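Each of the next two complexes has chain A plus one other chain: chain B in the first, chain C in the second.
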Partner chain A sequence: MRRNWMREWYLAAGVIVGLVAPWPAGAQKPADFFRQNCMSCHTIGGGRITGPDLKGVTQRKDAAWLEKFVQNPKAAIDGGDAYAVQLQQEARGVIMPTIPGMNAEMAKAMIAFLDAESKLAKSQFAGGAISDRPLTAVDLALGRELFYGTKKLANGGPACVNCHTMGTVGGLGGGRLGPDLTLVYARLGGRKAVGAWLVAPATPTMQSVFRGAALQPEEILPLLAMVEDAARQGPAANQSSLVKFFVAGFGGLTLGLVLLGAAWRGRFKAVRRPLVHGGMRGEE
Partner chain B sequence: MSAAANQLLLVVFPYVAMLIFFLGTIYRYRNAPFTYSSLSSQFLENQQHFWSLVPFHYGIVTVLAGHVVAFLLPRHILAWNSVPLRLYVLEISALIFGLLTLTGLIGSVIRRLTVPKIKIVTTSLDWHVFLLLLFQVVSGLYVAVFHPWGSSWFSAALSPYLWSLVKFSPDINFVAMLPIMVKLHIISAYTLIAMAPFTRLVHILVMPNPYLWRKPQVVRWYRRFVPGVS
Partner chain C sequence: MNVRSQISMVFHLDKCIGCHTCSIACKNIWTDRKGTEYMWWNNVETKPGTGFPTRWEDQDKYHGGWQAKDGKLELKSTSKAKTVFNIYHNPSMPTMDDYYEPWTYDYQHLFNAPEGPDQPTARPISMVTGELINIESGPNWDDDLGGSPIYAANDPNLKGLSAEQQAQLQAVERLVFFYFPRICNHCLNPGCVAACPSGALYKRGEDGIVLVDQTRCRGWRACVAACPYKKVFYNWSTGKSEKCILCFPRIETGQAPACFHSCVGRIRYLGVLLYDASRIEEMAGKPDEELVEAHRSLILDPNDPEVIAAARANGIHDSVIETAQKSPVYQFVKEWKIALPPHIEFRTMPMLFYVPPMSPVMSNRTDGKIEHVSEDLFHDIDEARVPMQFLANLFGAGHESKVRYALRKQKAVRWYRRALTVGDVTMETAERMLREADCTKEEAEAIYKLTSLCTFDDRFVIPPAHREEALQMLDGVFEHKQAAGFGFISGPQRGM
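This part shows the complex of A and B:
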């Protein structure tokens, strides 16, 4: 009689998950939090990027409003808060994301941090300068190599094509784990904003992947040239490359099944009988 | 997915799953050693069996091997994928083996539903395993098609996440914001690992590798089968 282990499984899983479920998240210093999550869209005294310059933000709105807003910006906009809607319009429709780890305690700490940084003559987050020189064909060629990974990034980070695609990427396209970058200039607000993102990526995934492998300043302009070129050349990548990919897979599946069928075509007649007959002949 | 859910399902759960796997496999081996197999139903029906067993196992073994290689040698995979044609060849091959897995799995479910002798020996726990495996394979294929290129971003983001678990220094940030289907695929994999000791999946640990090189054996009955005589 076979034993059914389902009861043991549920019991073991339930008990252990129940025991370890309370799992406290570690607290983070406000400056580290800002570096990881905010500086790709905001400066403190360096002017607007995608979001507003946060120097003196505590003078513009009171602490209670700020605390509530940063914990859930979308809720404030959806709730019709006039100032939140204005912020979204000024950011060309980009909604500030709810940052993982942002809670009431962190919101209070961040506001105190912004207040203190605003009082400094120059904040450490005043923003780095992305060159505004015209981008050349040489930049574009180098940008393509870096984007595809045919030229390795100096600090060993993975190439953009692994997770991102653009309208100008040929073949079966680039990756689609992250967003299509064709129109990222329009989305984030131009060279300065996209450059700031490349200096300090705002998503946890990119932060982790590029930790210890930050892009070099001389790699950022060529990548921006690639993005600018894609935006100039036309629409975002379409779904046709996915269809081609799936059709290729389905064709391979059909071929695979035919090969498996052919390889074992004699499976019902060619194994046991010859062995038995061979054995009987051996006995005679 | 909230921060707490991420911590629970992507940090705590993998450790729980591995603990259950190690303790469970040892417990079962000591207490019910003769159940430590795939509990094959080949002798009960072996015509439909071929079209489920063969595509499924060729598919899943290859796909699993691919995951293991990307985990162990992420930089080599990224280097291979730095030429687009090589990337596409790798990804299409992986998709083909994933589709073979799904074909075999569907074949297996149909066989267990339609062949009376097989249906009788299929327990509710088996159906749980089939359901989870189906989810695992379908979510994997969804991710392969709609979030390409998995071989690359697995190497760049998932491999370091898994290594952070191995080193007991979990870093959730690699995976916290990944698309929901990717996360469900990961969580479902942990669930399968945790269930393995209590199901027929345990046969992964006792693969009859010597079958590949041992001499063929003839299985002989001492008497002929006579209808109506047991």
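This part shows the complex of A and C:
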């Protein structure tokens, strides 16, 4: 009986935690929300990155449309809304993801926030934090170190190679949890977009990992150099690394078994069966 | 000197007729339970042959027994470090196939088979899986040289024999075999006891019987691998190891063990030996050729006043010392020196001794006529059909001298008795042979009596048990009395 009570307690606790957990996101200030979720694709007065510049967006469309769109962009596009489809084309086919925590209340708050920010001479989200200077060989070398983790990230975030691989990553390649970054430039739309992404990653996985460990601007530039270099060299090397990975795996397994077999060659095997079926005959 | 007493045994191989009555007696009393079907605490092997489990004497495979490294003894199968790494998988375990898969028959089918054109048969059923099986081997599969081109030809004791000698052993009308009954040797330096990670095996202080404590045994099976004679068995049903207990409940009540009692050929002798426990390690580490003598030197003269005093000081009861003085084993092993330990090179110091068997003279077959090499009734022992080297591999760690001595003495006794009772050989010749065999007339008479005319009480000189004194060695008697008494008996089973 006692056990059953315990189980119910756990269940109840689980339900409560599940209900409470999303709250802090909902109760966030719009500025923080924007920094975490929007900044990687949008600027306010900084021009288009992946998504359009949001300066003056409240003049372009009415609040009701914006509210509906921002809560479920995909539905709007699928619904055949002409402006939504146009937005998608402008973003080279990238559909704006549904943002967790973007409910009606937050949408209202966000539109008000965008309206206010648009009226400022220069919004804090105008972008341009990442320098435009040409990337050098020094940047590339530093970028490699940061990517591989031989040099630690200043705020203690994990090295990129743990989850990502690129064409230029040698050996068995990097991690395969996150996407291959070789062609990320093409996917996201160039240096500016990737830089914005690195300032504020937009996926739940990256967010949870880098929430307390944001990248520094002086770290982002070298990483961009690394990504740019990979894009230049193309994905060919990456394919062979996958083959190498499996070959090395099978080779290692075989070698391990051979070594174990050698170390245990004196182990007991059957006596009677080989004796009777010819294996041992004439040994004496 | 650290004198202890040990119930020891002699098997007189010249008298064994290979009837397996001992095996059956043992099986019916002890190993007819679930999980013990494949066990034969007592078994009878044909030599040459591979025995049970197959080729158990081949320690390159089974890794049983001890090896001496710079005079230090080490178990072949395990060590403190190896125990840790091999505890969940002991690599030197015989497989079920090396014993045999025990079976019964589908007897019901004889009664219940539907009517048909053929006689119904009782097909063999595995006692492990319950499925129909094809019988491939059994505990005495090579009995009486069955399948000898495979089994007898692979006897590990053929090592060192010339190709000609091996061919002779196999030749039709000249082939020869003898029987080799085996039980636990209740060794002085038991490998099984040394190997047990749980300390479940022990050698009883009062009589040297080696036992497995069924409550302490955790089924690691290190004992199975470490025993070179493969006389510890794993019970798959209870998850514990089991072995010959020398019928201690019978011994404690003054009866001979079942296999001894039932022996048709009366080949078995049992008695107490006093030995010096302080020198076991030193003696077990001697080189191969000295081992038989070293082992013998551990056994003390029970009539020596010094030994008696030391025995008393160690708490051995006077009645035990008295039975030791009348021990037939002492006579065979120490006085007459005609009983030898089996495979002393395993260095466990077995306390079961064998009188090596005589065998017929060699013969030749020419033009359909069989001619014997020797016309003598009791021919020269070097012309016996069982080569001396073969017996030496079994009973002399590969060295012939001790085996030759034992056989010569047996032969001299035969000549002597022939001269006395039949008279077709002269007493002069008989006496010369006795002298050559290091034997007096009195000794010859005593050997003859204990071999041929021995009564039950001559063969089994069982010491009074004195369980109360045995308890005193371990426990306070009064404390034991409080702790014993009524309780619950539970059989061995798996789990803590």
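Note that in this section the second predicted complex is superposed on the first by the 207 of 284 C-alpha atoms of A that agree within 3 Å, B and C clash if a C-alpha of one lies under 4 Å from a C-alpha of the other, contacts with A are read in each partner's own complex, and residues count from 1 in each chain.
One rule holds in what follows: a contact is a pair of C-beta atoms (placed from the backbone, for glycine too) under 8 Å apart; a residue touches a chain by one contact, two chains touch by 3 or more.
All values reported here derive from a predicted model rather than from experimental measurement.
Trainee: Output check: A:Ala82 vs chain B and chain C. Expected answer is one of first, second, both, neither. What do you get?
Mentor: Once the two structures are laid over each other on A, A:Ala82 reaches no partner at all.
Trainee: In the overlaid three-chain picture, which partner chain does A:Trp264 touch, first (chain B) or second (chain C), both, or neither?
Mentor: A:Trp264 sits against chain B and chain C alike.
Trainee: More residues of chain A are touched by which chain, chain B or chain C?
Mentor: The partner making contact with more of chain A's residues is B.
Trainee: Is A:Ala121 touching the first partner chain B, the second partner chain C, both, or neither of them?
Mentor: Neither partner.
Trainee: Once chain A of both complexes is superposed, is A:Val276 in touch with chain B (first), chain C (second), both, or neither?
Mentor: Both: A:Val276 reaches chain B and chain C.
Trainee: Between chain B and chain C, whom does A:Ala64 touch in the aligned arrangement: first, second, both, or neither?
Mentor: A:Ala64 sits against neither chain B nor chain C.
Trainee: Looking at the overlay, does A:Leu172 come into contact with chain B only (first), chain C only (second), both, or neither?
Mentor: first
Trainee: Does chain B (first) or chain C (second) touch A:Ala159, or do both, or does neither?
Mentor: The answer is first: A:Ala159 touches chain B but not chain C.
Trainee: Could you pull out which residues of chain A sit against chain B in one structure and against chain C in the other?
Mentor: Residues 264, 267-268, 271-272, 275-276 of chain A touch both chain B and chain C.
Trainee: So in the complex, the part of chain A that touches chain C is made up of which residues?
Mentor: Residues 264, 267-268, 270-273, 275-276, 280-281, 283-284 of chain A touch chain C in their complex.
Trainee: What part of chain A is in contact with chain B in the complex they form?
Mentor: Within the complex, chain A contacts chain B at residues 2-6, 8-9, 12-13, 16-17, 20-21, 23, 25, 100-101, 148-150, 152, 158-159, 161-163, 170-177, 203-205, 207-209, 242, 245-246, 248-250, 252-253, 256-257, 260, 264, 267-268, 271-272, 275-276, 279.
Trainee: Can you check the complex and tell me which residues of chain C touch chain A?
Mentor: Touching chain A from chain C are residues 50, 53-55, 58, 61-63, 91-95, 97-98, 136-137, 147, 150-151, 153-154, 156, 158-159, 166.
Trainee: Show which residues of chain B lie in contact with chain A when the two form their complex.
Mentor: 3-4, 6-8, 11-13, 15-16, 19-20, 24, 28, 32, 35, 39, 47, 50, 54-55, 58, 78, 81-85, 88, 91-93, 95-100, 103, 121, 123-125, 128, 145-149, 152-153, 155-157, 160, 171, 173-179, 182, 194-195, 197-199, 216, 218-220
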